[in-house]
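In what follows, subunit A forms one complex with subunit B and a second complex with subunit C.
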Partner chain A sequence: MNGALPFLADGLVLIVLLILLLLRERSTDQARLESSEGDKTLEALRREALLQELTDRLFGSEDWHFIVKQGSAPLRRLFLQQRTALALSWLQTVRANARRLMRIHRAAVRTSPRLEPQVELTVAVDYLLFEVLCQVITLAIWLRGPVAMGRLVGYADDLSARLYEVIATRMLPPELAYGNTKGGPAPPGAPRARER
Partner chain B sequence: MILPLSSLFYARISIFGRRQKMLSLAVWLTTLVLETLILLQALKGEFLSKYILFYAYLGSVFLQSFFLLIIYLVRPSYYAPLYWSAEFVSVVMGWGVVWEIYRGALGRFPGAARMARNVLVLILLMVISKVLVNTWSSTVWQPAGTVVELERDFRAVQAMVLIGLVIVIAFYRIPLGRNLWGMMLGYGLFIGTNVITLALRALLGYSFQTAWRYLQPLSYLAVLCVWYMTLWSYKAAPAPKAQLQIEQDYQFVSAATKRGLLQARAYLRRAMRP
Partner chain C sequence: MDVEAAREDLSNRSLATIRLEFARLIYLASTRDYNTGRYYHDGLAFKFSEAVAAQALSEAHRDVFKGLALSPLEDLVDQLQAYIHSAGAESNEVIRAWEKLEPYRVAIPIESDPLTTSFFLANVKIALAIVRSRERAGR
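So, the complex of A and B:
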């Protein structure tokens, strides 16, 4: 049986990969996705900029202290429930933005004849680790709640800003890159990243 | 090595029930009709030359099937050995389909093509290492115990190469177009099911023979249906749109991306410390 397992796995992996790729192709219109990638990123960053204004409030402790002062246990429970849902939604947006930026990177390098497989592999591994850490943060939000996550979320915010600075400003058209546009959309957490 | 299996195979065929034989022939004839239709449509639509290696494969399978059908009906005793010979011709011609997919999908994307070449070289090195290690550890040179195992091994290598190709195509989101999509999906499903059924046949032996006799042609029939639907007319892969302003210096872009991701990860790690 042991001798047959690698072959069975080989065949199964191929079939599963093809089915997954087929499902992905059916769910996304590739051409439309590519042509509007820059616009989507801009749109996402605008949304992100708006969300950024709420981030400090969302993960800050002021609201929590206010609720605690009311002395109502059901109110505290409801507050924590709603804040957890909001925090998870915020983290999803950050991840989606990072995914979009990586997609831009891949779209840029796939036509480059000078592509270095080793470098690409490192970038892919780094991004994978980023995704894993985001999952860890998601778990931490579930376990500890958003109020205790202020510091952690601050770092995730900086991370998003870093990703934007490095990838988007070098690959997006100038009008989409915040550094080159007066009054353009700022990346999430950009001011804080510069302060450090 | 081939004879015991061949005689078993032939013995099995000779005691084939009338009903099963009819079903088997019906599937066989349907595959022949579908192959003819796909080939004729490519000729009529004048796109046979666009995917010459794929159609060469399909043409060779058609000729083999047709020839084997006559042998099966007229001289059944020759069928089994000829079947296995035809299978190995099909394995060799199948590499043409893999090359066609690679060329069609990644020809317009030199970066992704370079990545795919590296992945494929890595896969081939792994396979060669495995063969060498097996040879080194065994006292007698024995590439495969039976003809079934030999075909399974060859198909498994093709499956690994296809896995590498599919991963690169998925990772770089290469637009394929309907024809290439159909080719890859059909051939991939065919190879995948083939490797699984051949592995089970080699593992379970004769007890899997009946199931195998139906699974093989039925999976191929399903593949032909995929090809029939996706290769009905010429639909080239869409050209990449250069809508983004991209830094010309790949080294600069990739180094910046890498540095950014490393820094980002370091931030998160620091944040995770109590």
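So, the complex of A and C:
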């Protein structure tokens, strides 16, 4: 039980932060910010789609099995050291993209004439779960390295995809929303044919 | 359309004579000006245009890099080992120079995203360590 306390504390802090951010006043240069944020998000999402293959390789076990076959402890150490650093960078990138998406969402909500409390709740809960999961993944990476963490990463990926779907289909302008444009950027973690 | 034709030409001529993907990566990176990042290829520019040739080279570079960066580590090690053997110098000398100077850094396309770049660099570092231990064991 004691082990869960830090996560609960993190969760509470995130809820408070989320509420504070949602209540924040709209700034005067918001329109300019929204547009630049939108561009950044579009770019980030394009990259995200490209990064999918990298995610599979980074958190898969194929390379690790190859390293183990070499039978060298220094090689194993080098591999884990390099991959841990990469996995943490990956997490940072994914979280930054989710934060950017939430900023756009908040900006859109402030100007929206019709608010849907149920959607807002879904977005808030999904984002909270996503953040908590990212903390769990960070901890797991520090403790045992990024090898064979496909399932956990898959959950985080699916959550960020759900977050994207809810926000994009309701809030983002059509050119940013996945599915409205053929060949547009795929959402992070969109359903993919892969084994975990 | 022109770019596609130029890419086909590039594949059928210049790249067709290079067997290893790693060697193709180094070749394509070498067609880029270090200072400006622009790609040049006299033959392609003559047949198409300078801009089309540059675009074709840039796309080919990006594709070869992506293929290598995301390939299984085992394949990358094989590629690197074969490339080092084909370099025409003592393998240990090449490995030492690569570990110290990291010349493979200049083989990265300019538009590559930071994570893929880091992934490639880390994999080459690991692959070099494996090739070095294989070379030692083979002596």
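Criterion: the second predicted complex is superposed on the first by the 136 of 196 C-alpha atoms of A that agree within 3 Å, B and C clash if a C-alpha of one lies under 4 Å from a C-alpha of the other, contacts with A are read in each partner's own complex, and residues count from 1 in each chain.
As a convention for this text, a contact is a pair of C-beta atoms (placed from the backbone, for glycine too) under 8 Å apart; a residue touches a chain by one contact, two chains touch by 3 or more.
In this text the structure is predicted, and so the values were computed from the model without any measurement.
Q: Give one of first, second, both or neither to describe whether A:R83 is in contact with subunit B, with subunit C, with both, or with none.
A: After superposing on A, A:R83 lies in contact with subunit C but is clear of subunit B.
Q: State whether A:Y127 touches subunit B only (first), subunit C only (second), both chains, or neither.
A: In the superposition, A:Y127 touches subunit B alone.
Q: Which partner does A:T93 reach: the first (subunit B), the second (subunit C), both, or neither?
A: The answer is second: A:T93 touches subunit C but not subunit B.
Q: Between subunit B and subunit C, pick out the one touching the greater number of residues of subunit A.
A: Subunit A has more residues touched by B than by the other partner.
Q: State whether A:V109 touches subunit B only (first), subunit C only (second), both chains, or neither.
A: first
Q: Let me test your reading of the model: by the given contact rule, A:E62 touches which partner, first (subunit B), second (subunit C), both or neither?
A: In the superposition, A:E62 touches subunit C alone.
Q: Name the contact category of A:L75: first (subunit B only), second (subunit C only), both, or neither.
A: After superposition on chain A, A:L75 lies in contact with subunit C alone.
Q: Common interface residues of subunit A with subunit B and subunit C?
A: none
Q: Report the residues of subunit B in contact with subunit A in the complex, numbered from low to high.
A: Where subunit B meets subunit A, its residues are 108-112, 114-115, 118-119, 152, 156, 159-160, 162-163, 166-167, 169-175, 181, 184-185, 188-189, 191-196, 198-200, 202-203, 238, 240-247, 250-265, 267-272.
Q: Give the list of subunit C residues in touch with subunit A in this complex.
A: Its residues touching subunit A are 69-70, 72-74, 113-116, 118-119, 122-123, 125-126, 129-130, 133.
Q: Which positions of subunit A touch subunit C when the two form their complex?
A: 47, 50-51, 53-54, 57-58, 62-63, 66-67, 70, 72, 74-75, 78-79, 82-83, 85-86, 89-90, 93
Q: Looking at the complex, which residues from subunit A come into contact with subunit B?
A: Per the stated touch rule, the residues are 1, 3-4, 6-8, 10-15, 17-18, 20-22, 24-25, 30-31, 33-35, 37-38, 103-117, 119-120, 122-124, 126-127, 129-130, 133-134, 136-137, 151-152, 154-156, 158-159, 162-163, 165-167, 170-174.
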